[in-house]
Structures are given as C-alpha cells and as structure tokens.
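In structure tokens below, several structures.
Shared between the two complexes below is subunit A, which has subunit B as its partner in the first and subunit C in the second.
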Partner chain A sequence: MTTTRYATSSGTTARKVPLASRSGVFLVLLLFSVYTLIPLWWLLVSATKSSGDLFGDGGLWFSHFDLWTNIRAVFHQQDGIFGRWILNSVLYSAGGAFVATLISAMAGYALAKYPFRGRDLAFNIVLGAVLIPASMFALPLYLMFSSIGLVNTYWAVFLPCIVSPFGVYLARIYAADGVPYELLEAGRVDGASEARIFWRIAMPVMSPALVTIFLFQFVGIWNNYLLPVLMLNDDKLQPVTVGLAGWRNGFENGIPYTVTLTGAVLSLTLLVIAFLPLQRFWRSGLAAGSVK
Partner chain B sequence: MAPRRMVRGGAVILAVASLVTMSACSSGGEVSDSGSRASGPVSLDFWGWAPGYDKSVALWNKTHPNVKVKFSKVPSGLSGGYTKMQAAVKAGNAPCLAQVGYESLSTFVTTGALEDISSYANTDKDQFVEWAWKQSGLGGKVFGIPVDTGPTALFYRKDLFAKYHLPAPKTWQDFSAAAEKFHAADPENYLINAPMDSYEMAVYTWQSGGHWFGTANDQWQVKIDGPQTQKVSQYWQGLLDKKVLKTGVAPLDGAWFKEAKADHMASVVTAAWAAPMFEQMLPKQSGKWAVAPMPQWNAGEQAAGNNGGSSTAVLKGCKHLKQATEFATWFSTNKDSVSNLIKNTGIYPAAKSGMDLPAVNQKSPYFGGQNIYQVFKAGAENTDPNWVWGPTMSQVEPDFIDELKKVAQGKASMSDAAEAVQSKTVKAMKSQGLSVG
Partner chain C sequence: MTIDMVEPDLRATKPTATAQRSTAGRRRTRSALLFLLPFGLLFAAMMLAPICYSLYKSLFTTHRSGLGLSRPTEMFAGFSNYATALHDNHFLMSILRVLLLGVVQVPVMLGLALLLALLLDSRSARFKRIFQVVFFLPFAMPGAIAAIMWSFLYARNLSPFTALFQHIGLHVDFLSDGLALVSIGNMMTWAYTGYNMLILYSALQAIPGELTEAAEMDGCSGWRLAWHVKVPLLRPALILTTVFSIIGTAQLYTEPAILQHDAPAVTITYTPIMAAQYAAGINNYGLAAAESVILAILTFVASFGFMKFTQRRGLGA
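So, the complex of A and B:
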C-alpha cells in the first residue's frame, strides 16, 4: 500500500519538475551514495581477503575468497572473546535504548501534557543537555561512579545510557502535537487513571516517535567509545567497538588486519539486521516532526 | 607498543581529558582497595593493552605467592588507555602498574601521575640498555622499568637493489644516489617514503645525535628545529626536490603495502617489532627482504634511532612501591617472562639478557636466512642515551603531520615544518603552565 502511494506521489513530481533539474538532483544523490558506499564496499571486499592479498590492488574487487577463514579467525582470536563483545554490545544497546525510550516517553509526555511550575525551566535544561556531546560527560561520570564504587561493572556503562536528553525533547515535541487533549479527556471521562491513560492511549499514539528515540539511542550506545573505555577494566565487559579498536591497535603486536576488518563487518551486519525491521517506523517518525 | 598512526584521535581525547581533569578537583584520596593490609599477600593491579602480557603475569603469580598481580587489558594508550589511567589517578583508584610508552611518560610525569621509584629501582639499572633505562625516567628520577625498545634499521629489497645495480646504502649519500637511480628506472618506483610524522622525524634526528627536548634547572628545553633536525630536513628536502620520494604513505600503512606489493617500494626505515608484519602482509616477497643498519652520515659510524617501546610505570597512589618495582623488573628481565613477551607480544626486549635469548637471535627464513636481530641488537647498543621526549607529544605529533603534509604538497620546506612545530610546541607547553627555558 505504501509503495503505491509513494509511486503516485513521485509520478506527480515527475510531471511538474523539468528534466534537467531532476537529473541534476539525481546526479548529486548518486555522488553522495557512491561516496557513502565506497568505504563500506571496501570493508566488505577486504573482509574476504587473506593478509597476503589485502592492499594488493585497488581494494575494490575480490581476490581469493577467504571470508570463512577470516570469520573463523575472528572467533578464535583472544580465546573467542568476540562473541562476548557482541553480546555485551547488544545488552548495552538494546537494554539501554529500551529503558531510555521508556523514560523519555514518560518525561516528554509529562512535560507536554501536565502544566506545572518550572516546566519550561526543566525542559530548557534538558534542551541544553542535548547540545553537549555525550563524550564530554564521560570523565565527570567516571569520577562520580568511582566514588560510589560502580566502576568496572555492567552498571557503569548501562546507567548513563538510559538517559537521553534528545529523547525527552523529541517525545515532548511529539506528545505536544500528536496526542490531542480531547483524547486524554475522553479517557478521563471514562474513568481511566492517569497511568492507564499514559500506557493505553498516549504510548500507542507516540509509537513512531518512540521507535525513533529507540533507534537513535541504540546507535548512540553502540558507537559509544570513551565511556566504556573509562569505566571498564575488564575485557570481558567491553562492547564490540572498544574490543575492535583494541585489535586494530594490536596490529603491531601481531593481530592481523583481516581479523579486525572481518570483525567490523560482522558487527556491522548485526546492526543492519537490527535496523531493517524498524527502519520504516523511523522514516515516518522523522517526517512527523517536520510536517507539523 | 609503538604509537604513531592513532595519535591524532588520541590527542583529542587526551586534550579533553586534561581539560576536564584539571577542573574536576576530585577528593578521591584513599580509596585503594589493596590498602594497608599489613600481613598476608600484597595484591597489585596492572593495566596494559599488549597481548601476551597476561601470560607473563600468570607466570609471576605461579612463583610469587606473596605478591599477587592482577592484569587488566585496557584500550591502548593513545586510543583512550592513557586518558583512563590519568582519570583513575584523579579518582584515586589507579592501579599500581601501567604500560606506558616512552613517548608518553613525560606527559605522565608532568601531570604528577607517576611515583618516583628511584630508591627501589636504581640497583636494576645495569640490567638494561642505558638509553631505555633513561627513557623510563625524567630529570634523573626513575618512574618505571623498561620493557621493550624499537631499534630502527633499514629494511630493503635485496633483489631490487641487485636488479637495478643500486649501491649498498652504507651512508646517506649512497642512499640518495640509490633513490635517484631506482626512480629513474621506473617513474612509479620509489626507494623510500618521505617522512610523514613526528616519530619518523624523531628517528632520523635521534640517529643524528640531536635532541628535541631536555630539562635543566627545572625548566624544559625545546629544540625541535635544532641543527641536527635541520641537517635531516635538508637531506630529505633535497630528495623531495628531486621528486624521488613517495609522499602520502606512512611506513607499513595500507597505501605503503600496496606500493610494496607492486615492487615499487624498495626500502623503509622501521623498528624491530615490524619484522613479523612483513611476513604477515607480504608473504609472496619471502626471501626478498633484508635488514641493514640505518645509513650513516659518515662511513664507519654505527648510530641508530628508536621508534616505539614502553615501560611498566608505577602510578601515583601505589602503596607497595617496593613490590611493584620488583614485579616490573622481573617482568622485563626474567627469562621465561621475556621469552613469552617476545613470542606472544612481539617485543624486542630492553633487557640486555633478553637480547641474547634464542627467539631474538636466530636466522629468519623469511629474510633469506639472515639473523636480522644482530642488526637490531647493534642498533640498540648504538642509540644515543640522551634523547628525551617532551610532555606534549600528543600535540607535537598531529602538528608535525599537518606541517609535513604541507611539505608534501610543496607549500613549505622541511625546515619550515620543523620551525613551525617548534613554535607551536613552545606555545602549547607555556599555555599548560610549563616553564620553558
């Protein structure tokens, strides 16, 4: 259904916009896609090569196909710790993103729908936090966590990940526009409690925004580097990003490039698999904010 | 081990870290978990990143029931490990022992992150190559025990040198002639890459007897554009002007291997630890590479430089300096430990006894049956002991990379680059509140 709708809408654009500018836009987009995809393509191709073939030619086409050997090497490197790293990443990312989404939804909904004293101040503080890059928090957080003895535990990475100022911001904007007061009033008239209204009425309506928050936070946590570096001293607790960076720097100590490259491809594949089913919601979520 | 290519990212992280740590006056203090237990075994934490360190630690624990060492693998120094160590020192829960590269030790000293272990360590001095011992301290104090070094030599393609009748590169003059001849044979041929970063420049300057940094009367001396750097700069500028140097590649990076595979790169100056990478990345060129001492300024000299290497440093707040020093010395000198580090970490040992172990004193089939380690041993023994790293190497490195890029594009000369880095470095040090003489 969606596809037909998109087809018609692009059909109408085709009639209005002159061919020259259309092909211009197409060319620019094509250049961008090539620019984005070439490094990925290089990574994919390189993961299939042995050390001896790596860097041999342009790097953009296959030579001897050694992907399976490389994958086996990834799972044997350092006593097979790679699987553990992936699990950790999934745990931090999925768990952190889930809780962060929930908290953002609650906070955003409350900020949008309940007038209370200091509401704007609270919201502005959250908004200010959006502007500060997450890595700036890593060091102060480390100092705080070490004074309460939480460093080098799963919690040290998990707890900071369940907070998402951007998520609160997005949830508030979406709830303000997307959840009509009439709907809430109707619920109240029917005798539903405020909690029930939130869970049963507001949450479903906000779901496109929530998926967006979840995905943003998921990717953010997955790519997190400095925080786990500071917090964790145990290689078994690290996420895959830190682990792979360690292998990459281990080249001079005899860890082959191929292991790092193939590891990167594997972790990327997982991320893509996680994205595909949620991707559609993300698009509609982003559009919803901009249209209003 | 050696830093180099990752330095740029590390610099940013370090800079951010020092900003934050300076403002965050944590009370930290006395949180040491192994605290002041008077009786019972002492336990020491040890942070490092090199693979194989854990195995040496396990060997120690097997034979030393009274001092337990717990090794934790942390990210490598310049990709966050040093930031982590500095943060832990601030928070008061730093480990006793940490792997710290020579080039970063001065940074740790100036931030007050290390313990002076001179009174425990000085008796061990003679077990190590003199210059490596000095690299583990600053201003006469000892802060760590050297583990490994990176004596540099010339790796070159024996077969290509024979094919194109290039003169044996005994001196830099010979080398220059060989570079021209090799390039003349094929415009895609380059004997060697143009220096790309501070660590390459440091190797050449170090070999020439120059010093970038020094300390006197509690002040830093900075001479990145000193006469020896100028001599090195003029030499490489001459080759650049003749267009016989490959620009835009760094030794043993992807682009470099690509050229090497196509037989267009015939030599590189790099350190002992690089030898296994040739086997791994260039298996088809087995038997074609050989190792020779670095070319000399005057025939008959034997000077080498150094690239990389690290020490086991003792971090601030350690309660068991004596035991920490004992362990660190054992780690670097015990035969079984060093053999393990050679095999599993790929180090070239800093201990004199380590350099005679069979694993680093044997013929290598890949290098055509040559015992390449004799070259490195001679190099390690002929390295100027007075080289000192500055406290702002995480800034010097990206600065040099930027300036040398301009040189490669023909927008500046090598001497300009050295002068620019000199003034930037002095400025950066002063802005950190360091006194520069």
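So, the complex of A and C:
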C-alpha cells in the first residue's frame, strides 16, 4: 500500500508540489523543532559554564569551557552521592525491568497458549489495568506500604515496578501469533515438561517482544518520579531523578546551579548512550501500544 | 482465535481418549495457572490491594491523644473524610486548576500535534525521519529532568527567554502568580506534543494510499484533503490521545512539584495529587485516601465521559 503511494509521490505528483508549499511546511516543522531543541541546547551549553558565566549572559552560546570542572563537582557533591543515585536508578530500572519481563512473559504465554476457564476474564482485567496510569496507584501504595513499614526501603520502589499489565498484553499478543502450536506439541510428544517447553521453545521465539517489554519497563522506571519521591526519604536510596530534584531545591543549602545542571546532562547522556542503539525496538513497541 | 483451535479438538475425541485427554488437560490447566501465579499475586498485591486499602482507609479517621503518648486510635467515620475533602477549598481549587489546564492546554497541544502530523504526512514534507526523532526527544526524557531544566529556564536571573524579552523592552516573569499556570502548561506542551504527534502520524501512515489517491483524482488536495479525508479517519487516534491527555493532566504532579520552590503561586496543594500527598504528609491518611478516591473517580468520569460523548456524536452525524 505505502509503496504504491510513495512510488506515485516520487513519480508524477512530486513535481506538482509547488516550492512555496514545500518551504511553508518545512518552515513550520523547523519552527517546532527549534522550540523543542532550544531548551535542550541551553541545558547542554549551561553544563559547560562556571557559575559566574551562567548568570552572565543570555546563555545560548558557550563561554569559558568548564564542563570537566563541573563534572568533577557533581561527583564530589555530598561525598559522591550522584554515583550512588545513578547506581540506584540502574538497579531499580534494570532489575525491575528484568523481573517484570520474565513475569509478563510467563503470564502472557499462559494467556495465549493454554485454554482454561476464566482466561478471557483474566485477560480483560489485564487490559483494563493497562489503561490505568501508574501514577494513580502511587499514593494508595504509599498509604499501604507505610502501614506495613515498607516505606523508605528498596522494596517500596522495586515491588510496584515489576508488575506490568502492558507487558503481559504485549507478551500475549506476540505469543498468540508467534509461537506455533505444532512446536509446543512436538515438545510435549518428546516428553518435555511444560516449564521446559516454555524456557526452551516459547521464550526464544518471543525474544523480540521481550526486548520491547524490557525497554518499555526500563524507561518507565528510569523516568518515574512520583513513586520514588513519595516512598524514599533517605537520599541514599533515591534514584537520580529524585536526587537531582532534591538538589534543584537545595540551592539555599549551598548546592550550586551548575552542579544540578551538569548532573541533569550526565543522567541524560547515560540514557542516550544506553538507548540510541535500541531505538528500533522502542518505536515498534510504541506503535503496538497505540495503534493495535 | 487461539481458543477455537484447541476446543473443537478436545470435544471431537473419542470417549476412551477423552479421559486421557482430560488428565492431560488438567495438567495443562495447572501449568497455566502456575505460569500466571507470579503476575497474579503481584497484580493483586500492587494494584488491587492499594485500591481496596484506600477505599477502606478513606472511611476511617485517626485520633491522637493530646500529648501523643498513647497509640493513635482508628475510628469508623463513614463518609466524613469525603465531606471534609469536598469542603476543603485547597482541594477544590486544585481540581479546578487541573480542569482549567485540561480545557485549555489539551486542545492546544493536540491541535499542534495534529497540525505537525498532517504536515509531516503531506507530500510537501522533507526530512521526515529527522523531524520525527527531534519531536520524539522530549518524551524520552525523564519528566523530572525536563521539569528541572524548565525550572532553570524560567528562573529570573538565568532565563534566556526573560533576557530575550528584556531586549524588546518586556519584563516577563514566568514564575509570577499570573504566569505560573501558563508556564506549567508550556512544560506539558513541550514534553508531550511530540509523543501525541507520533501516535497521530502512525495512524495517518495506516490510511490506505488508494484512498488519498482517489480523493486527489477528484481534485481534493492540500488542506482540503487533510481536513475532509484524513482528519475524519484520524478520529479513533484523536479520541485515544485526548483520553490519555485528560488522564495525564488529572495526574499532574512533577512539573508543579519542582516549580514549587521558585514560584510562590505554586502552593503545596497545587494539584489534586499534591493535595493528597500533603494530607498524607500531615498524617491524615483517611483524608489522603478519600482525596485519591475522588481524583480516581473524577478522572474516570472525565475520560469515559469524553469517550461516550464522542461516540454519541459519531452516531448522530
């Protein structure tokens, strides 16, 4: 479908598009790109400035290049707690996403490949839960966790993060189409246990979906703010988002703006390094989540 | 469809085989339940339990003795927490505030997203891939980091925008009482327009080429093609993005929470979630629970109300 469309657009009609219309469209898209990029550009440039230069000018161009000094300052602030925050973020995100993926794969596979009573009901409940945003659960979770003394522990952030209805939904869709019954039956005829069939046959076939689930959950946990800020008072347990927000509001306590700005840039750089190569999966998951 | 493949098969087998089959079937049902168990347990503990706990908690008040020496006692209070919440001006104001933001910011953002998606989908667009990646950037960024970035960009002594306005003789303070809500709206627009645009754009890509070709044969092109052919086909995607945006606005927290220290107008009960957090912070868990329940109900009513409204209009048209 799209190929025919592109074929004609590059063939007959492309010549018909007047230059005025082309440049008009380009201009509007460019304008919005500028709106999108200027804040990021400002952040990047600001991270290279000393405190003095930061307050000095309009701020959209470099002055004296002090990035390395700033980075050193970030890692020295509060005895190097920034490194700990990054580590916490990695721990919550990678650990949470890994367990969530595994649990979702098991549940999605069971919902796709085993007929049992109540299966449709179970899947509809999962589907309903996909629509409820995680932030809606944060405060109720806080109330519940504080009544059982779980607040201010790693578990308080980790446990809610390993439940992903969206992951189950994706895993089910993928297992339903991607894992053939013949393969499972062949495994059963060979006398393999159901667990073994899942591990050795279903999981490898489902791996593209699993990567997508992992990425979604990883980014979701990494970007989360409300849940950890409610749950964690102790700054040694906090992820980098909560830690940096604390620094931002700690200007009165002598935390320079440059340190917070550079910390923000560092945390973003890490995310970019980790995820740029995997962008393909991330976008395919977005499409599956929105269009299907 | 997967069910159909197995069930007729089970029924069709001969009686002698049925017994064998059914033990195998039972064994498989057991394995299925075992596979579901971890998710089921966690789902119950992390999603159902907090809801039930909040509902329960919202019906109780905690009484502390004057000196705080004896243990606080829980007392059944019926709906008094709900009454307190609904008579609390701060809480009501927070609801009105996100409502105002939703009514103004959501249409602006989605209008912009629609415009950009249509432009990107038009024949006149060049460099589509680059623009897509650029527009997607803010969404991939953690909300808290984006909010921290904007809090600096709004700061009186740092803002390049304030400096720019100064050049043309305007004194703009983005964190002043009058502009704080607009500034927050801008942060949301910056963060989510690209995401919504991508959803709309992928829906546009799914429109069969024959359809637009046929319309063009009939002499419909440019804006008329976009408005009369493409936009009506985008209806489901537009409803989806609107519902997501309504839910997101109702749950607004990160942006105002981070601006709080710099903007005097952004109070500690600025949005419903902040108000509930404040109630929890002063150990009034009953009120915090009631406020969470009210917010959940209002969010549900707003998003489902919108869906019903558009469905009815769809039938009438």
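Here is the rule we go by: the second predicted complex is superposed on the first by the 227 of 292 C-alpha atoms of A that agree within 3 Å, B and C clash if a C-alpha of one lies under 4 Å from a C-alpha of the other, contacts with A are read in each partner's own complex, and residues count from 1 in each chain.
Just so we're on the same page, contacts are C-beta pairs under 8 Å (C-beta built on N, C-alpha and C of every residue); 3 or more make two chains touch, one makes a residue touch a chain.
Values in this document were obtained by computation on a predicted structure and should not be read as measured data.
In the superposed model, A:N233 makes contact with subunit B only, not with subunit C. Once the two complexes are overlaid on the shared chain, A:Y174 sits clear of subunit B and of subunit C alike.
Contact comparison for subunit A: of subunit B and subunit C, C touches the greater number of residues. In the superposed model, A:F166 lies in contact with neither subunit B nor subunit C. Judged by the touch definition given at the top, the superposed model places A:L60 against subunit C, while subunit B stays out of reach.
Of the two partner chains, neither subunit B nor subunit C is touched by A:F216. Applying the stated contact rule after C-alpha superposition, one finds that A:G52 touches subunit B and leaves subunit C untouched.
Contacts of A:L141 after superposition on the shared chain: subunit C is touched, whereas subunit B is not. In the superposition on chain A, A:N249 makes contact with both subunit B and subunit C.
When both complexes are overlaid on chain A, the residue A:Q78 reaches subunit B alone and has no touch with subunit C. Applying the stated touch rule to the two superposed structures, the overlap between the subunit B and subunit C interfaces on subunit A comprises residues 54-55, 57, 59, 135-136, 139-140, 142-143, 146-147, 225-226, 229-230, 242, 245, 249, 257. Listing the residues of subunit C that touch subunit A in their complex gives 1-3, 5-7, 10, 27-29, 31-33, 35-36, 38-40, 42-43, 45-47, 49-51, 53-54, 57, 112, 115-116, 119-120, 122-127, 131, 134-135, 137-138, 140-145, 147-153, 157-158, 160, 163-164, 190, 193-194, 198-199, 202-203, 205-206, 208-210, 212-213, 216, 222, 237, 240, 247-248, 251, 253-254, 257-258, 260-261, 273, 276-277, 280, 285, 288-289, 292, 295-296, 299.
By the touch rule above, subunit A contacts subunit C in their complex via residues 1-2, 4-5, 8-9, 13-14, 17, 21-22, 24-26, 28-29, 32-33, 35-40, 42-43, 46, 54-55, 57-60, 103-104, 106-107, 109-116, 119, 122, 126, 129, 132-133, 135-144, 146-147, 159-160, 162-163, 165, 168, 176, 181, 194-195, 198, 219, 222-223, 225-226, 229-230, 241-242, 244-245, 248-249, 257, 260-261, 264, 267-268, 271, 275, 286-287, 290-291. Subunit A contributes residues 51-52, 54-57, 59, 78, 135-136, 139-140, 142-143, 146-147, 151, 225-226, 229-230, 233-235, 242, 245-246, 249-257 to its touches with subunit B in the complex. Per the touch definition, subunit B reaches subunit A in the complex via residues 1-2, 6, 13, 16-17, 20-21, 24, 26-28, 31, 45, 47, 49-52, 72-76, 78-81, 83-84, 87-88, 90-93, 95, 254-255, 257-258, 261, 273-274, 276-277, 280-284, 308, 345-346.
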